[in-house]
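A, B, C, D, E and F are the chain letters, set down in written order, and residue numbers restart from 1 in every chain.
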Amino acid sequence: MLHTVNKTLTEKPSLLSCLRLAGAGSDILLIEDAVYSAIRGSTGARLLEQSRGKHQLFALGPDLECRGVKAAQLIDGIEVVDYAGFVALAVKNDTVHAWL
Amino acid sequence: MKFNILINEGPYTHQASDTAFQFASAVFESGHEVVRVFFYHDGVHNATRLGAPPVDDRNVIARWVKLAEDYNIDMAVCVAASLRRGVLSDESASQSGRAIANLDQHFKVAGFGHFIEGAIIADRTVVFGD
Amino acid sequence: MSKRMMFVNRRAPYGTVYGLEALDALLAASAFDQQLCVAFLDDGVYQLLRNQNPAVLDMKDYSRTFAALDDFGVDKVYVERESILQRGLCDADLIEIRRENGSDAVSIMASEDMSRLMESQDIILQF
Amino acid sequence: MKFNILINEGPYTHQASDTAFQFASAVFESGHEVVRVFFYHDGVHNATRLGAPPVDDRNVIARWVKLAEDYNIDMAVCVAASLRRGVLSDESASQSGRAIANLDQHFKVAGFGHFIEGAIIADRTVVFGD
Amino acid sequence: MLHTVNKTLTEKPSLLSCLRLAGAGSDILLIEDAVYSAIRGSTGARLLEQSRGKHQLFALGPDLECRGVKAAQLIDGIEVVDYAGFVALAVKNDTVHAWL
Amino acid sequence: MSKRMMFVNRRAPYGTVYGLEALDALLAASAFDQQLCVAFLDDGVYQLLRNQNPAVLDMKDYSRTFAALDDFGVDKVYVERESILQRGLCDADLIEIRRENGSDAVSIMASEDMSRLMESQDIILQF
């Protein structure tokens, strides 16, 4: 299953719910404002770092670039994908589950 | 692969419609197709033909219309959600006693079941909201 | 071949329209021959509180429709226990939802079980 | 005491407009007055004359119109926010080349400065949003 | 100053920001979904209990009744007011500050 | 008698339009002879990140206008330090905003100082 999250933890706690309920081995893609949560040292990043073994983590590149967040600022283990990569993840997984 | 898309928020206010548009474009560029885009909740505001954004900004509605024309996408707004929010087709305008309608002609009005039908026939359903 | 579809309520009622429109959507979906279920977690559990009286704000009490879900062919209602407890609530604070045969349609379950249930769906819609 | 009110969200989707309405009613019942209600962001959707909510639900727009008529409240939508979202007066419709307008006649279109002016002349400014 | 908060902590963290930045002695009024935060045993209530000495706490009665929350479920030290009471608080305080 | 008005940005840019429309509102307000200031806290500090490039999503880079705030008579920009640190950011990550005379318009301050500043306002608008 591909889980998408679009908000920072300080906007809405949907990342928290996603990490609590997403099954082991599922993919998590950070889009829109959620990409800020991948910045090293942020509250969101600390949670994401704990879940790296359980989930494959992705962040949407155009949302990072839009917001001025550079790949070097991100925690390790996050793969940056473009919209075609988002589509590929949606094709690879049987279900896409948006946490709103 | 066939995609069915649900958009739950209005244009500009939330990024949902932007992200859905970029995703839908990438679906076609990747050799797949979007068979249906359904607009629910405030998403119905994406179907107004009265939007007049600043000239130096993107036109979210015009962009959807062009993509739908290029690739023959079925675009529909939920009837109940759109009545509540004042997005009316000619038919829903006359049924609710209004002289004018503001739904862009590239969108149709349908029940939420239309989205469910899309979910049944498509290989993937992807939701964009806030 | 029917699909397994889950309607997930994660927001409180009345502060926004999502809960009301989620129920509208669920009822519309029930006309199709799919395997539907509905889940309440996070602030969505507030939708199940007893004694709601939105008439005081001229709003509709759509929570009464939950009791009739079985009439629409939706006989599986899942609630996450952790979401109830985190809000200072207990099972008895929630309305009862029964099937036509009198059995309880509500399963209150731990996060791990909710997680497994979610992972088994074909389509998940959050509201 | 004079109150100036800002509403940032559309009707039904968020409770903001409901709470603002109940608050405004209580202002008058308490012997004070609301001099101005300004609609910003998605709040501009409160001014559509095309809304057709279910008959068993409240009509948020009609309620504002009645209160404004009863107490002579000045109600205005932000020009930039309403153009972007497709809420057009006759004048803004003709300026943006649209044949039809959907702004209810009880609302006017004004710049955000109109709200600031309200904040200057009123004793209190109260904001309702999401 | 009168601060209004309209969301639960699990919807948006605005109550947290309000409690961090509201000056001592200011009034805090819970409206809309924020009234759930006054329920004894909830995450929001634990924070509110810690701030009772610093702030006067209020909750909007019609929003409680609408949602089926009874006064007996609330933590001590919360005064329930109706819309006229909301107006009175807005009159008493020079400034009304909505946390959105 | 002019009023002290604070425009408070608490949301991230681009995910929603509030930041952009807050700036529009601030510029409109600057035409009146009031004591204006602007504050960034919580996710609002993301609005001040350097190197934003919303053109990649066909959006407007309104953060560039912050550099010209002094032209509109807004020469006080307050940022809460705790909000910066909580996000893994540091002062150097934020754009510079200078007054016409070259002095720094931005004050990065502790929560207690932000609190005092807020309490001294006549009108506070959050976006």
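The rule we apply is simple: contacts are C-beta pairs under 8 Å (C-beta built on N, C-alpha and C of every residue); 3 or more make two chains touch, one makes a residue touch a chain.
All values derive from a computational prediction rather than experimental measurement.
Chain centre most remote from that of subunit E: B (centre = mean of CA atoms).
Across the assembly, the chain pair joined by the most C-beta contact pairs is B-D.
Overlaying subunit A onto subunit E using CA atoms gives a rotation of 180 degrees, to the nearest 5. The geometric centre of subunit A is 27 Å away from that of subunit F, both derived from CA atoms. Inter-chain spacing, taken between the CA centroids of subunit A and subunit B, is 26 Å. Subunit C and subunit F have CA centres that are 41 Å apart. Touching of two or more other chains is recorded for residues 12-13, 15, 22, 41, 57, 80, 125, 127, 129-130 of subunit D.
Chain contacts: subunit F has residues 14-15, 17, 42, 57, 59, 123, 126 touching two or more partner chains.
Counting only residues that touch two or more partner chains, subunit A has 6-7, 10-11, 13, 32-33, 62, 95, 98, 100. Under the contact rule stated at the top, the pairs of chains that touch are A-B, A-C, A-E, A-F, B-C, B-D, B-F, C-D, C-E, D-E, D-F, E-F.
Listing the residues of subunit B that touch subunit C in their complex gives 6, 40-41, 80-81, 111-113, 115-117, 119-120, 125, 127, 129. Only residues 12-15, 18, 22, 56-58, 130 of subunit D touch subunit C when the two sit together in their complex.
Touching subunit B in their complex are the following residues of subunit C: 3, 5, 17-18, 21, 24-25, 28-29, 31-32, 34, 123, 125-126.
Only residues 6-7, 31-33, 62, 82-84, 86-88, 90-91, 95-96, 98, 100 of subunit E touch subunit D when the two sit together in their complex. Put simply, subunit C touches subunit E in their complex at residues 11-15, 42-43, 46, 49-54, 56-57, 59, 86-89.
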